[in-house]
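For reference, the structure I am asking about is given below.
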Amino acid sequence: QSSGGNGEKVVNIGYSGPLSGAAAYYGENTLNGLKMAVEDINKEGFEVNGDKYKLNVVALDDKYLPNETASNGKRLVQENQTPIIFSPHSGGISALQVFNEVDNFIVSAYSSEPDIVERGNTLTVRIPPSYEGYIEPFSDYAMDNFGKKLAAIPPVTQYGKDWAEAIIPYWESAGGEVVHKASVDYSKDTDFFTLLTNALKEEPDVLFIGGPSEPTAKIVSQARQLGYDGGFIVMDQAKLDEMKNVTGSYEVLEGAIGVVPLIYTEYSGTKEFIDKYREKHDKDPGSEAGYHYLAMYVFVEAMKAAGSVDDAKLIREHIEDGLTNLPDDKKVYDLKHIEENGAIENFIRMGVIKDGEFEEVDVE
Amino acid sequence: MLEVKGLTKRFGGNVAVKSVDYSVQQGKINAIIGPNGAGKSTFFNLITGVHEPTEGTIIYKNEEITRQPANVIAKLGVARTFQSTHLFEMSTVKDNVIVGHRLRTKSNLFDSIFRTKRLKEEEQQCIAKAEESLDFVGLSHVSDQLVTNISQEEKKRVAFALALATDPEIVFLDEPTAGVNPDETDEMAKLIQKMADKGLTICLIEHKMPMIMRLAHHIMVLNYGEKIAEGTPAEIQKNEEVIKAYLGGTVSA
Amino acid sequence: MLKLDGVSAKYGKYLSIKDIDIDVVEGEIVVLLGANGAGKSTTFKTISGLLKATSGKILFNDVPIHQTAPEKIVQMGIVQCAEDRKLFPYMNVEQNLMMGGYIHRKRKAQLKQSLNDVFELFPILYEKRNEAAGLLSGGQQQMLAIGRAYMAKPKLMLLDEPSIGLAPLIVEQMFESIKNINQEGTTILLAEQNAFAALSIAKKGYVYENGQIALQGTADELLSNQEVRKAYIGA
Amino acid sequence: MNVLTNKKVIIPLLIVLGIVFPFVIPNLYYLHIMTLAFIWTIAVYGLNLLAGYTGYLSLAHGGFFAIGAYVIGILTVKLEMGFWLSFLLAPLVTMFIGLIIGLFALRTKEHFFAIYTLCVGYIIYLVIDKWEGLTGGVRGLIGIPLPEAIGPITFQSPTAQYYLAFFIFLLVVAVIYRIVHSLTGRTFIAIRNSEDLALSLGISTKRNKLLAFVLSTFFAGLAGAMYAGFIRFIGPEIAYTTITFDLLTYMIVGGIGTFAGPIVGTFLIVIISQNLQFLQDYRMLIFGPLLTLLIIFSPRGIVGFIQMQLYQRKRKKQESLAYKNREEETNAGG
Amino acid sequence: MELLMQQLFNGLTIGSVYALVALGLTLVYGILHIPNFAHGALYMVGGYITLIMMTEAGLHYILAMVVSICVVGLLSVLMERLVFYPLRHSPPIQDKVAAIGILLFLEALAQFIWGADYRQMSTPFGQVVEVFGLTLTLQRILIVFAAIAVMILLYWFLKKTFTGRTIIAMAQNREGAQLVGINTHKVAILTFFIAGALAAIGASLTSPINLVFPGMGHLVILKAFVIIIIGGMGSIPGAILGGYILGFTESLGATYLSADYKDIIAFVLLILILSIKPQGIFSKGGV
């Protein structure tokens, strides 16, 4: 940490994510959340061991390429002494995990890729919930309301594959049938007529889809054009509210099951965050912004509890305290606790579109 | 030494060379003439392996070489020049010619990387050959100049030197003096004569009749791909058919 | 008709032609002689605007043209038949010729007539009219290039070594054709290696040496000049 | 000749610079970037051998780079082979695959070859991306081990890894130097000049083109293996066309077909693009035009530009000398 | 059977767009003799301009498309004047890299101005129609017919008008074109304008059934390269035929082979064709 102007010290927080190229939009959203947290925190600053600190985000572009993340990581740690580096993609996270224990920094991982916390890396904190909790409730609801025939069209990403590999066995074990399986590459295709024609010829009752919200919404509307009237299981990456912006109304999305969008979430700190975000960016925040906002606060609390702003190990040990000490008005989400492997446990919530309206459905 | 039998080349429906029988006289200057589009260049290209013949055989030193690729034919001792000279403009004349002797060397990648004795020897050999050839064509004085800086006529000589560096026994020259003024044409003719004197067999395409008539020992005339006459310059000059098809009234001009 | 006044031009940094003065009177055939690389083609390129003169003036019917774009110069009536022919290799013979008449594209009948004239001049082109120019033999391409220039019906035709690579019979015919074209009223500036033939049909000539004009005179003067005879006629 | 262009001065100077570099930098991040630059340079040298000297622009180079990386990755991670043996095998396997592809690819020429190889590169990427069982798919391969110690030398520290990369880099530069300045190199250049002419000079263009192609894949594979050993994590994106384009850019900026070009271009751009990082998402707004401008004003790259300047200075000297002589002659004659 | 028909129609739609983009590329190839990587960026800008004209300026879809055609056409011309013209004498690899530079710039610029997110374009032709049991949207029918109309128009222009011929002439020999009195600057400008316009048309037609985002040109352009190679570089009929061949192979391949390997199909097709015919199917150069 370095000294700032008036006796305050500055802690650099590292970020390496896609700020240009195909995934830039996603990268920007994550960075927005992080930056907003830092701005808010810096209004007052925070105190660790009697010293006053402010935060400074050092954000580097890695174009979604792990090797660039690795270079960026080296740079952030060496030049800016960042105790924490945020990375919002699993490739980058893996690349950082190669040396984060040696170079002594926490990887703040925004990815629900299970591998990330299963490698025994002691300085990784996974922010978002694992998707595994969604499998059961989503499937059950879909099967009960629409029928047993599922066509799976997940995106080609690792995330999509993992989802598919989790949901298909469950669907089958619950007595359902998978009638079609293919994957889509959203970085290459945004017209899905060919794909859907093939999927729909099997007359499925439910479509399993997902990926970035916009192309996912596109799949829904094109499926409707082709006469499909069943339900949709939407992977947690896509958000129903964002999908509505593409389809124009929730009517088209009738029967879609997905995670509860941030704007329909009502924890103690959610509203304030949403309002602030809207004002600043003139659009609704997605969960990636919310989680990054939240995570930064958790880290600050952990630093306070640890009594250190630069000892990564110590900070990691105090994440649990960070979660506990988190002020209520910052609770964009209500996080439960951090597990041994670095995964933060979370509540599972699901929503559906019914009669043209969003509706939260109880899980359990 | 080189003989072709029934040589034919079709391009699509076009017959560029039509069953030509011909044999090159060793150690002599053999000329091939004929109207434009008669198939002379194609004839050369067939022998030197640039094009594959449609029909016919080519025999060189009792060995059939009909469908051999150009590089194999060159190794057997058949060299050629092109009408337009492609040289590497940004390197020196000598560097351009050195590679001409590459076909007589054996060094491979291994030799190059470890700079073996063989490589060093062969490099010397190539350099010596290049110098010798440049000397022969009278270009020693420009051997260290970049090719961009030498004159058109000198470039033509470099092309000759390149051909000579391959250690050929027979050389095919396709219009070596096209666009060269009479004064320089004479110089080139002398060079061709000098090559023949050295024991090389020459095959020559030219439209410059005075030069051909003076240089050539033997002339073949092609017209529409067919051989219409063959013989000494004196015979050809008198041949009615040749006059009608090709020479017109300017034989003596 | 055409007047070059102290024209110099260069490729890159080095002067290729220096202080060239040439005067072509309407209706004449004028010959440029010179060794390879002496600067004849460079002069032609400068006249037709492909190369910009670095100094000096070029006047065509008293209008300065040394700053004019090549296509404007063509429209004014100067057409060059270049040494390396510059044909459209994938177009067939007839299309090449029609492109030659580009500036007269509105006058369909005239183009048809010119086309027939060219075919009459070079019957072989008629035979090959549907073949791609790039596949013609060297000599055939040369004829096509001349034919294409003819299609533009120029007032002044620049012929750069038209006899290159042509069979003797054809050369003879070609000089005949040049004479005919000239007699129909086209002024001709001709660069040639074949000095004897060229001077026989020309009115006057210029001899180039190292990018400068070393000698000039009427055709007869040049034909009888010992040095010229020795260097360019080979007798 | 200028001191700075004298080989006898500049080469030892650069080597010394390379050796003392780890001692003069403020932190290890510089070492990381420098090590990467060495690795990229090796790949660019491979590309230059084919595109610059032989005249065949391969756009599959990123793919071969990735093959090298994946071979070492698969051998060490999946088959748990030792690092050094895998490291040895990686470029060889790449070369072998290169040989097979080259046999077909080299039937084409010019743009056909460029696009053909572009497609080959893309297929390599897709294969790596889809063949999960072998390559780990999108997830990639994690946990490539460090090189085992050789006697007392260990490769744990970034400095040791830097010296290892530097050593291999020097070796490659020396080998490339010998190749391009030998009969083999002359043969390649002859092919670039004119294949017809080369054939008529008795050069087997087929064989030599294949040799150049295979060599170029060898260096790509070597660089890929070094990269995998250095980053220790690989994903399919290293096979993507962007890598090829990066390599191409390094080569062109440095000077295609020049000996020093790959080094100059790679180091320059790697350093510039690190320095443009502060621009974040707008850095391509600067980098794109910069690249285009450079190409417009110096098509033969930086090294080509310098060579041209030197050459023209020399020529001017000769010219003015010759001109003077001529003046004198004409004066004497007139 | 119905499935086959539906997929054939899908192939026809995709193929029409491919053909349009490939046509622009092939035209430019004819003049520049380089694969213009920046063409994909033009396609992308075309999509954005139409979108912006509709959302911000409130223009009708068709009007917005006209504006887009003009803007992208001019952008393309600008590119020629500022970059490719100065580079006309340098070897082709240089142009390629310069084109990559432009591509990087335009993408960054688009992201800077319009953001990196996926955007949706609405269309007045969104209606779903059933024809012979096939489900089509009007927009898709529009794509097919508009593309075919544009292609016929272009073909007629190039082959039958003197102005069109000048493009071909210049492609084959720039100086030769000057010597017959063609203003090569004008022709180059015209060509690039047409190429840009084709990219804009292609993008504007497909955007309503796709999404608009900075990277939208990537794969399209890669496939367009495949097409012009298959069709013979610089060949107009080749580009059209190649576009449809690819469109059909993809939609049928996705149906009867594997949807996951749909993208590989194009590239494998190319490798196969070039391995057998190294010069492409229509192996003559020239437009």
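Order as written gives the chain letters A, B, C, D and E; numbering starts at 1 within each chain.
The rule is short, and it goes like this: a contact is a pair of C-beta atoms (placed from the backbone, for glycine too) under 8 Å apart; a residue touches a chain by one contact, two chains touch by 3 or more.
Going by UniProt, the chains are C = Branched-chain amino acid ABC transporter ATP-binding protein; D, E = Branched-chain amino acid ABC transporter permease.
All values reported here derive from a predicted model rather than from experimental measurement.
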Overlap of the subunit A and subunit D neighbour lists contains E
For subunit B and subunit E, the touch-path distance in steps comes out at 2
Here the gap between subunit A and subunit B, centre to centre from mean Cα coordinates and rounded to Å, is 73
Subunit B and subunit C have mean C-alpha positions lying a whole-number Å distance apart equal to 30
When centres are defined as mean Cα positions, the distance from subunit C to subunit D in whole Å is 49
Contacts with two or more other chains occur in subunit D at residues 281, 283-284
Two or more other chains are touched by the subunit E residues 107-108, 111, 116, 260, 263
Among subunit A residues, those touching two or more other chains are 20, 24, 28, 156
The residues of subunit D that touch subunit E in their complex are 51, 57, 104, 107-112, 114-116, 118-120, 122-123, 126, 130, 241, 245, 248-249, 252, 256, 281-285, 287-292, 295-296, 299
The subunit D residues in contact with subunit A across the complex are 27-30, 32-33, 36, 129, 137-140, 142, 227, 231-235, 237-238, 242, 274, 277, 280-281, 283-284
Subunit D partner, complex, touching residues on subunit E are 29, 33-35, 83, 86-87, 90-94, 96-98, 100-109, 111-112, 116, 222, 225-226, 229, 233, 260-261, 263-264, 267-268, 270-271, 274-275, 278-280
Residue positions on subunit A within touch of subunit D in the complex are 19-20, 24, 28, 59-61, 63-67, 70-72, 74-75, 77-79, 90-91, 94-95, 97-98, 113, 115, 119, 156-158, 161
Subunit E contacts subunit A in the complex at 3, 6-7, 10-11, 13-14, 107-108, 111, 115-120, 128, 135, 137, 140, 206, 209-211, 213-216, 218-219, 250-251, 254-255, 258-260, 262-263
